[in-house]
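Both of the next two complexes hold chain A, though its partner changes from chain B to chain C.
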Partner chain A sequence: MNWLARLQHLDRRIIFLLMGLSILIPVLFPLPMSFEVDERVQNLYQAVERVPPGSRVLISADFDPSSRPELEPFFRANLDHLFRRNVKVVVVSLVPYAPGLVSPLLRVYGERYHKQEGVDWVYLGFKEGKELIIKAMGANMRQTFPTSYAGVSIDQLPIMNGIKQLKDFPLIVMVSSGSPGTKEWVVQVQAQYALNMVSSCTAVQTPDYIPYYKAGQLLGLAGGMPGAAQYEKLVGVPTADAMATRGVNVLNLGHAFIILAILVGNISYFASKRREP
Partner chain B sequence: MALPWYDIAGAWLAIFLTMCIFSFLYGDNPAYKFAEHLFVGVSIGIVVSEQWFGMLRPNLIDKLLEPSGPRAWLYVIPLVLVLFLFTKLTRKHSYLARIPIALMVSAFAAVKMTGEANGNLMVQVADSMPDLAAVYRTTYPHWIWNWDMDGAGVLSSLLVIIGLICCLVYFYFSVPHTGPLRYASRFGIWVLMVSFGASFGYTVMGRISLAYGRVLTLVGMDRTPDEAAQIHAPAASLISTVIIIVIIAAWRMRAPPEATVIDDG
Partner chain C sequence: MKRTLPLIITVVIGILMVGEYFIPHYRYHLITNNILEWGALVASAALLLGLVNLLQVNVPVIRYRHQDWGYKLVMMVGLVGSLIAGFVGGEGRLDYAPSHFVYSYVFSPLDATMFALLGFYIASAAFRAFRARNLEAALLLIAAVIVMIGRVPLGSALSVALFDYDYLGRVMNWIMDVPNNAGRRALLIGAALGAVATGLRIILGIERSHLGGD
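Let's turn to the complex of A and B:
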C-alpha cells in the first residue's frame, strides 16, 4: 500500500487532532496579524457615530450559547461604542437563551461606564412570539414590553419616556444568530417604518444578508467573527478585551488547514484512482 | 475580587461538559451521552421558565388574576384557546385544538405574506436592476472593476443581472432547456454553485469560530486575568480529560464487545 492509498484510509481522528491543534496553537502563541476593515463594517460604525449623544438606540440581542463566540464580541464592542458616546441603550431579546448571556454583560458594561439602569440602559428581556413581536413593537413598544427584565413597569423607566414605537429610535442594532433575527426585522418593519438598521450576524447568515445591505435596507453589516474583529478595531477595544481580534489568527490557521486537507484529500483520491489497474 | 465558590464550580463544570462533548470525536461514549442528555434537559428547562416568566405570566396570568379596566375579561379568550390546545391529548375532543391552531397559522401566514412581499420581494426586485450610469459615476475611473469598493463596477453589476436571469431560466421548467436556454440554464447552475460555495465557506468560518470559543474556555482566556487565576482552567481541562479517559476505559472493559464498538475509520 503506497502512501497515497494510506492517506485515503487516514483515521479521521488524526484530522480532528490536527484541526484542534490549528485552533489551539494560535490561541496560545498569537502572531501579529493585520487586517483591513471592509466597507460594510465601516458603514456600520459610521451609522452608530451619527447617533447624537443622549439619544436612545435599540439593540435586539438575539444570540445564544452556540453563537456566543461570533456575536458576543460585537455586542461588547457595540456597548463600548454607545456608552462612550453617551448614547442610551434599550435592549430586547427574541430568543429564550439570550437573557442569561445579555443581562450580566449589560450590568458589567453599565458599571464600567458608570451608567444607571433604567436611566442610561435597560434590558426589557425576552418575549416569545417571533415575528409577531417585531411587528407589535413597530406598532406599540409599550404594550409589547410592559415591564423590564427586572420587573419594573415601563412607565417608571426614565429611559423609555417618549418611546412609543420602533420609529422613535434613531438606530436599531440587531445582533442575531437565527430566526427571529436580522431577516425578520428587515422584512417585517424596516420598509414599513423606514427604520435605520445595522446588523451583526453569524458567518453562516452573512451571504443571505448582503443583499439587504446592497439594497440599503441595512446601513451596515458585520458578518461573523471577522466582522466583529473589524468593528473592535474601529471602536478601539483594548487588546485584552478584543476577543474577535484575537480570533482572527485562529480563523487564518484553521482555514489554511481545511484548504490543505481538501487539497491533499483530492490529490490522493485522484492519484490512487490513476494507479488502480 | 474573589469569585464566589459557585462561579468557580460553574466554570469547572463548563470545562468538564465541554470535554465530554469533545470526547465524541473519539467515539460515542457514556461521558458524551451524559453531557448530551444534560444539555437537552437544561435547554428545555430554560425555554419553559423563560416562556412562563416572560410570556404567559405577565401577558395572561397576571392580567387574569389582577384585572384592570373594563375589558380585562377578554383575556379569558386566549386562556380558553390555550386550554383548547391541550385537548390534542384526548381523542374525543382533539378537534377543539384546530381552532387555536387555525388562528395561529392564519395570523402567521398574514404577517409573513405582507412582510415578505414588502421587505423581501419588492425592494430586492427593484435593487436587482442596478443603475449602470450611477455605478459608472460612483466608481470612475475604475468603473469596470473597482478593487477599493469590493469589486463594485459596471462588470459586477452586469454579472448580477446576467446571473439572476440565468438562475431564473434554470428554474423555468415550462419549456425544454435546449438551444440558447441550455447555455443560460447551465450558467445559472454555475452561479448557484458559486453561491453555495460562498455559503459553505462562511459556514466553515462559523464552525471554527465556535471551536475557538470553546478553546478559550478550556484555557481560561475568556475571563479577566484575575478570574482566570482563580479558576485554573488549564488544570481543570487536564483533570476533566483524565476523568473522561478513565470513564471510557472503564466502560470499554465492563461493557460487552458489541456495545463498545468505536468507529476507527
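Let's turn to the complex of A and C:
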C-alpha cells in the first residue's frame, strides 16, 4: 500500500501527459456514442420553431477564441435552423473579440443559403458599453446601432424596417461566454420588455442560468458543448459540420480521466492517512 | 464643489434611470434614451483611458528595467503593433486587412491556447486538491462526479448498459434542477438585494467611494 500513498507526490507532468492523451486518442480514433436531448435544449429548439418564417430574430453573438469550441457549433447550428426556416437574422456583439469570428461565419452561411446581406441577415457589429448597450437596445435599437458592421446606415437596411426596440423581435438568442452575457440580458431587459429569450452558454455557466430557465425568463438553454451537440442533433446538422457532436465524443475520455484522477487522488490520500500514526 | 457636483449628477441620473422602469411615458424615455447614449460614449472613451493607463504603468517599468520588464516590452510591442495594424491597414472585417491577420493568426490561437491550458491544470488539481476531507466535501465530490459523467454520452451509455435505463442522466438533471437551482437562487437573491442596497446608497449620496479621494 506504500505505493498508493506515494502516488500523492506523482509528478504533475505525468498527469499533464495523461490528460493530453485522453484528449488526443479520441480525436485520432473517434468512438461516436449516441446521446439523449435534454428538456432544456428541446425547449430551445421549439422556441426557434415557433418563430414564423419571414420574421426577424436577434442573435447576440458574444463568443471569442477561448469559448469558440463550446459556442461556435451552437451559433452555426442556429444559423442553419433559422435560415432553413427563412427567418431573418440580425446579429450584434457585445464583446470586442467576437466580430473576427462572427462576421466570416455569417458570410459563409449567408452564401450557403443564398441569403442577401441587408435583406435576410445583417451584422450590426460590436459596441462597447456592456449592460448599457443592452439597456440602450431595449429602449432604442436604431440609436444604439446607427450603422451596420459594414458601415451601411441602418435606415438603408431593409431587414431593419420597423425595428425600433428589442421587443420588435419575436425571439432573442444569446450565445454568450461571459460578461456581458445571458445574465445581463435577463437582468436588464427581459422582465421590462417581456422578451422571449433563449441562450447558449459555456458549460461552466449553465448552473448559473438554470434559475432563469426554471423561472421562465429563458425559454430554452443549451449548456456547453453537450448542449450544442444536442441542438445539432435536433436541427439535423450534417455529420461533417457537426463540430459539437464530434467534440462531445472527445470529452468522454477527458471527463473519465478527471474522474479517475479524483478517485485515485482520494484513495492515495486515505492510504497515506492510514499510514500516519 | 469637487465632490458635490459629481454627487448631484449621480443622484439626478440615478433617480432618472430607476424611474425609467416604472414610467412608460415616451417623453420620459426620450430623456433616458439620451442618457444611455451618453453612457455608451463614456464607455467607449474609457477604452482610450485604459490604453493611456496601460502605457503609463508599463513604460516606466521598461525604461528603468524593473522586474519582468521583458514581458512588459513584449506586451507594448504587441499593443503598438496591433494599433498600427488597425489604423493603417483598413477595417478588420476585410479579409486582407493586417488587423484581420493579427486577430486570426496571432490573437485567436494564443487566446485559445491559454484557455486550453486550463484543462491540464484542472486535471492536476483534481488529482492533488479535490479531497473528501469531510462529509460536505465528499457530497460535493460525488455530485461533481455524477454531473461530469452525466453530461457526456459515456455516462448515459454506461447507465443504459448496466441498468437498461439512463439513471445517471436523471440523477444529473435532478442535481442541476433541485439543489443547484436552490443554491443559485439564494445566491442571486442575496446578490440582487446587495446590489439594490448599494445602488440606493450611491444614488442617495451615502456611499461616496466611487468619487475617489479621501
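A few points about this structure:
Here is the rule we use: the second predicted complex is superposed on the first by the 271 of 277 C-alpha atoms of A that agree within 3 Å, B and C clash if a C-alpha of one lies under 4 Å from a C-alpha of the other, contacts with A are read in each partner's own complex, and residues count from 1 in each chain.
Methods note: a contact is a pair of C-beta atoms (placed from the backbone, for glycine too) under 8 Å apart; a residue touches a chain by one contact, two chains touch by 3 or more.
Keep in mind it's a predicted model, so treat the numbers as computed, not measured.
In the superposed model, A:A150 makes contact with chain C only, not with chain B. In the superposed model, A:S66 lies in contact with both chain B and chain C. Within the superposed three-chain model, A:V204 lies in touch with chain B and out of touch with chain C [touch as defined at top]. Once the two complexes are laid over each other on the shared chain, residue contacts for A:Y113 go to neither chain B nor chain C. Of the two partner chains placed by the overlay, chain B and chain C both lie in contact with A:K214. Of the two partner chains, both chain B and chain C are touched by A:L132.
Contacts of A:Y193 after superposition on the shared chain: neither chain B nor chain C is touched. Of the two partner chains, chain C is the only one touched by A:A261; chain B is not.
Residues 12, 16, 19-20, 23, 38-39, 66-68, 97, 99-100, 127-129, 132, 135, 192, 203, 206-207, 211, 214, 224, 226, 251, 254-255, 258 of chain A lie at the contact with chain B in one complex and at the contact with chain C in the other. Listed in rising order, the residues of chain A touching chain B in the complex are 9, 11-13, 16, 19-20, 23-24, 27-28, 38-39, 66-70, 96-97, 99-100, 125-129, 131-132, 135, 146-147, 184, 186-188, 190-192, 202-204, 206-207, 211, 214-217, 223-226, 240, 243, 246-247, 250-251, 254-255, 258. Every residue of chain A that touches chain C in the complex is listed here, in rising order: 8, 10, 12, 15-16, 18-20, 23, 33-36, 38-39, 64-68, 97, 99-101, 103-104, 127-130, 132-133, 135-136, 139-140, 143-144, 149-151, 192, 203, 206-208, 210-211, 214, 224, 226, 248-249, 251-259, 261-262, 264-266, 269. On chain B, the positions that touch chain A within their shared complex are 25-26, 43, 46-47, 50-51, 54-55, 58, 107-108, 111-112, 115-116, 118-120, 122-124, 126-127, 149-150, 195, 198-199, 202-206, 208-216, 219, 221-222, 224-225, 264-265. On chain C, the positions that touch chain A within their shared complex are 20-21, 29, 32-33, 36-37, 39-40, 43-44, 46-47, 91-93, 95, 100, 103-104, 107-109, 111-112, 114-115, 119-120, 122-124, 126-128, 130-132, 141, 144-145, 148-149, 151-154, 156-157, 166, 169, 173, 176-177, 180-181, 184-185, 188.
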